[in-house]
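One chain, chain A, links the two complexes that follow: it is found with chain B in the first and with chain C in the second.
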Partner chain A sequence: MAFDLNGVTYETDEDGYLVNLDQWNKDVAQYLATQEGLDMTDAHWEVVDFLREYYDEYKIAPMIRILTKAIGQKLGKEKGNTKYLYDLYPGGPAKQACKIAGLPKPTGCV
Partner chain B sequence: MADKIDTGMVDELESGPWPSFITDLKELSKRKPAVGQLLGQLNQSYKDKWNYWQGTVLNVDGYGGGIIARYSELSQQYPAIAQFHTIRVIPPAGWVYSTKTLRNLCDIWDKHGAGIMQMHGMTGDILLLGTDNETTFDCAEELFENGWDLGGSGGALRTLACCVGQARCDMACFDTMGLTTHLTNTYISQLHRPEFPYKYKFKLSGCPNDCACSMQRSDMPIIGTWRGPMQINQDEAAKFVKEHGEQYVIDNVITRCPTNCIKLEGKKIAVDDPNCVRCMHCINVMPKALRPGKDKGVTILLGGKRTLKIGDTMGSVLVPFMKMETEEDYQKLTDLVDRIWDFWGSNAHDHERVGEFINRVGLGTFLEGIGLEPDPQMVRAPTSSPYIKFEELAPSRFGGESKHNPAVRSEEVEAMERAE
Partner chain C sequence: MAAKIETETLTGDINIPSIQPGATAHYKSNPAKEDHNKFLGFPGARVENWREAAVEHMGELLGKYKSLRVFMDICVRCGSCADKCHYYIGTRDPNNMPVARQELMRKVYRKYFTPAGKLLPDSLTGASELTEAVMTEWYSYFHQCSQCRRCSVYCPYGIDTAEVSMAAREIMDHVGIGQKYCNEILGKVLKVGNNLGIEPHALKNTLEFVEEDVKEVTGADVRYPMDEKGADVLLVAPSADFFSTPHIEGFTGYGKVFHEAGVSWTVSSYASEFANFGMFIGNYDTMKKVAQRIRDAALDLGVKRIVVGECGHAWRVGYSFWNTLIGPFDFLDPKYPAPQHICEFTLDLIRRDGLKLDKSANDEFTVTFHDSCNVARGSRMGDMPGGQFEVPREIIKAVCNKYVEMDQNTIREFTYCCGGGGGLLTDELMDLRVKGVLPRANALKEVMDRHGVNTMAMICAICKAQFTKVLPNYGIPMETVASLHQLVSNAVVLGGKIGV
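== the complex of A and B ==
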C-alpha cells in the first residue's frame, strides 16, 4: 500500500504505518491524522513531538508510563494520565499517536 | 467448501475418549465457512510445525486493549480467516450467569463473529474468536449496548477472576465476588488502558483450597484464611468416626496432616492450631466436623507467573493476614496495590512481571519501596545453609563486587545508608 502527497509516494504497510520512517515530515503527520479522522490541535502535536524526541534518542517508542509522566510534568498533573492521552488519541497512544509520529508499528501485545 | 479442506492431522484429535474441539469446530463449520478454513490452517500448522498467525494491533476507541488481533499469513489459501481477531469480554464475578445473559452473549456473537467462544480463557475472560477489522467494532458496539465490557490485554491490569466464594461455598473466608467487583470497578482505567511494564493479574480464592488457582496463575493472589482455632463440631466428628471407622480416619485424615497437628483422641478430634498450615485436607475430608475458624480474613501473596525472564513461580506471602470485610479494609488493600504499582511501574524493566522484579531487586528493596514492614512469614523458603549469613559479615563476592545488591534507583543508596 502507498499514498501520494505533494508529489512524493509514501509506502505504508497493511495498517497504514510508514514503511520508510526517514520519510516522515509534518505534512505526512497531518495526512495520517486526517486518515484517522483526527483534528490535530496543539495538544496533539505536543504528544507527537515528545514521541519523536524520545524515538530519536532511544530508537524505541517510550513505555506508556514514561509518556504520561512526561506529559504530566509538562502540562500539569491532571493531564499526566492515560485518560488524557486516549481523549486525544481514541485509538490509543501506542497505535494511533505512534503512527502519526512516524514510529514503527507496535508489536502485538502478548 | 469445508469438506474439501485437508484436515488429516487435526482429525487425530477426535480419536480417544475425550470431548474434542475439532468435532465442535467441524459442526460449526457447516454454518460458518471461516471455521472450516481455520481447521485447514491449523492442519497446515501441524504439518509444517509453524504458526501462521501474525500479531497486530486493533483498538476500539478509548480502549488500549481487549482485542487480540491476528492476521493469517495464509490468507491467499484461506481468505475467510485473513483477519481473525479475538475479543476479550469481562465475565461476571465468579462466572455466575443467568441463562438470559448467556443467550444474549451468544446471539451477539453469532451475529458478528465466527461463533467460537471460550468459557473461560486462562485470564478468566470470555473469549470470542473470529472477527475481522470491521465486525470487531460492530460487535464491541453491540456488547457495550448490552452492558458488557472489554477485558484487559497487554501491559495492563487483566480481567480479574475468582472462585464462586460465599455465594455457593461453605469454606469461603471472604466475599470473593464482592471484592472482585470492587477491584474491577476501582481499577477499570488500568484495565482498559495499558500503563504497566507488563501484565498484572489478580485472582481471588475464598479459602486455601485455592479453586481459582490464584497462587500459580496471578501476580497478586488473594486467598481467604482465618486466625485462631478452626471450628470443631465434636458430635459430627464422632458420627464421622462411627460411620467410617477409626482406621479410616487415621489413614485418611490424621496421618495426612503435613504438620502432624491433628489427633484422634477416642472419638474426639484435637487440633494443635498454632501449627496448622491451612492445607485444608482434614476440613475437606470432614466438612461437617471441621470448619475454618471464626476470625476470617485474607492472605495476600505476590509474584505468581509463567516463564518469561525467570522460570515459573508461585505467589509468596506479602501480607500474612488482613481482614477483608469493610470499606476501610478494601481501602487498605487498594492503597497497598497503588504503592506496588507505583514502585514496580517506575522501576521495572519492560515486560518484567512483579515477581521477576522482586527477584531482581530483592525483597528487602521491594518492601522498602512500597513501605511495608518485613515479616518472618514473607520468607518463601528458609536458607538451605545451616549457617546464618549476614550480608555485612559475608566475604566479598567473586571479582570483588560489592556485598550489597546494586541499587535499582538513586534514592535506594540513601535509604540503605539511613538503615545502617
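== the complex of A and C ==
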C-alpha cells in the first residue's frame, strides 16, 4: 500500500503505518491524522513529539505509563492519564498515535 | 478510521444463535511477508507444488502425532461441541462450530488417507481434494480458532480442536502460507528477545521508570533489576507487562511481592518474553527455540529458580511442555517447582503470613475473576488438582473484600475465551475479536448488573489486551480490566514483613 502527498510516494503496511520511518514529516502526520478522522491540536502534537523523541533514543514506543506521566508533567497532572490519551487518540495511544508519529506498529500482546 | 463494529446489546444471558452460513468467510489474517516466513525456516511464499507438499506434510504429522490421526478418525458428529465456541456464538457462522472447523481438515484427510475416501465418490464419503477453495477456507477459519479448547471439554471423545488448528497452521506454514501476526512476532522474539522488540537499553529505562514510580507513590525502595548475575530468581514475564496497561500494574505487583519476600530477583534482557507463539503455529522447533532462550538466560545468570508472570498460553507451554522442550532443570533448586507461577509464589507467601495486606486498599472494587483458557484447560497450579482455579481465587480473596463469581458455566474449565487468544490478537481481525467476546461480555454484564462488579481480574497478557480493546464496544469501560497482581500491588503494605 502507498499514498501520494505533495508529489512524493509514501509506502505503508497493510494497516497504514509508514514503512520507511525516515520519510516522516509534519505534513505526513497531518495526512495520516486526517485519514484517521482526527483533528490535530497542540495537545495531539505534544504526544507525537514525545513519541518521536522517545523512539529516537530507544527504538521502540514508550510504555503507556511513561507516556501518560510525561504528558502529565508537561501539560498538567490532570492530563497525565490513559483516559486523556484515549480522548485525544480514540484508536489507542500505542497504535493510533504511533501511526501518526511515524513509528512502527507495536507487535505482541498489545 | 475503521467503521464502528456492530455489536449486539448485552442482556446478561448467553443465547445460542441461529446459523448464518458464510458470515465470516471473508475474514482474513494478513499474510506473513517473505522474510517473516524464511526466518522461521518456512518457504517465503506459497510453493508451486503446495497441494502435494501440504498433503505430504499432513501425512508426516499424522505419523508423528497419533493424537491427530485419532482426532481425524473418531468424531461421530454428535454435535456436543457445536454451540460451545465463542466465535460461533458471536459470528453465527456454522464453520465456527468446532465440528465444522475440524471437518475442513477431516474431509481432506478422508480423501488422501482413508481407503473409503480414496476409492468411493466424494458424494458418498464427504471427502474433498485440497483445492484452492479449501485452502482459502483453511486460512480463514483456522485463524478464527483461538485454540482455547472449550469445545474439547464437552467432546465425549476428548477431541482437541486446538491441536487440529495447530496442525493446519503448521501445514500452511510448511508450504509458505504464513500468518503475519504470529510469524513477525516470532522473528522478533528470536532476534531481540521479546515479542515487542524492546531492546535492552529500552527495557532498562522502563524498569527504572517503574522503580522511580513505586518510590514516588509509596516512598519505598523496591528494585526492578535487569541482568543481575547471581540473583535467586529469574522472572520471565510476557513483554506486554513492560508496555501496556493494566499489564504494567501487575508487573509492579510482582516486584513488590519479591521485595517483601526478601528474595533477590532479576529479569533478563536476553529472555525478556514468556509468551511463546510457537505453540499457536503448531511448530515444535520454533516453540523450542523460543523457550531455549529462557534456559540459556537462567544458566547464564546463575539463578536458582525461574518464576513466570501472568501469561496464559505461556503457562501452558511452561508448565506442560518446558520439561520436554528445554529440561531437565537439574541446575535449579529442587525445592521449588520449575517453572513456578508468580501466583504460586505469592500465595505461598500469603499462606506463610509473609505479606502484610491491607484489603481495604481495594474496597472501591467489586471483583470477579476471568479464567484464561490455557491456564484453565492446559495446565495446573499449586499442589492440588484444580489448583489453577483455586490459587488465583485464594489470592484475590486475600487482597480484596468483595469478590463475586460469574455464571458457573463460564468459569473454571468451562471458561469462555477472551476472543483474542491463539494468535488472533491482530487489528485486521477486530470484527472477529469484538464478536468473539460476546459470551464473556454477557457473563460479566450479568454480575455487573446484579452484584455491582466493576473489576475483572485475570492472569493473561492477551486477555488483558483483548478485553481493554473490545469491551468498550459493548459499553464496558476498559478500566474494568485488571491484572491479578495489580490488586496484590494495591493491598501490599510495603516493609510490613520483609523476609518472612
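One rule holds in what follows: the second predicted complex is superposed on the first by the 108 of 110 C-alpha atoms of A that agree within 3 Å, B and C clash if a C-alpha of one lies under 4 Å from a C-alpha of the other, contacts with A are read in each partner's own complex, and residues count from 1 in each chain.
Following the convention adopted for this analysis, a residue touches a chain if its C-beta (ideal position, glycine included) is under 8 Å from a C-beta of that chain, and two chains touch if they have at least 3 such contacts.
All values reported here derive from a predicted model rather than from experimental measurement.
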item	value
Fit-or-clash call for chain B and chain C when the two complexes are aligned on chain A	clash
Partner chain in contact with A:L75 - chain B first, chain C second, else both or neither	neither
Which of chain B and chain C A:G92 touches, first, second, both or neither	both
First (chain B), second (chain C), both or neither touched by A:M1	neither
Touched partner set for A:M63, first chain B, second chain C, both or neither	both
Partner chain in contact with A:V19 - chain B first, chain C second, else both or neither	neither
Superposition clash, chain C against chain B - the stretch among 116-124, 188-196 or 242-250 that is involved	242-250
Where chain A meets both chain C and chain B, residue numbers	14-15, 63-65, 82, 86, 90-92, 94-95, 106-110
Residues on chain C engaged by chain A in the complex (per definition of touch)	1, 30, 180-181, 184-185, 188, 194-199, 201-202, 205-206, 209, 213, 238-240, 242-245, 247-248, 275, 311, 425, 427-428, 461-462, 464-465, 469, 478
Complex contact set, residues of chain A against chain C	14-15, 35-38, 58-66, 69, 82, 86, 90-92, 94-95, 106-110
Residue numbers on chain B that touch chain A, as the complex places them	54-59, 61-65, 68-71, 153-155, 189, 193-197, 345-346, 350
In the complex with chain B, residue positions of chain A that touch it	14-15, 63-65, 68, 81-83, 85-86, 90-96, 105-110
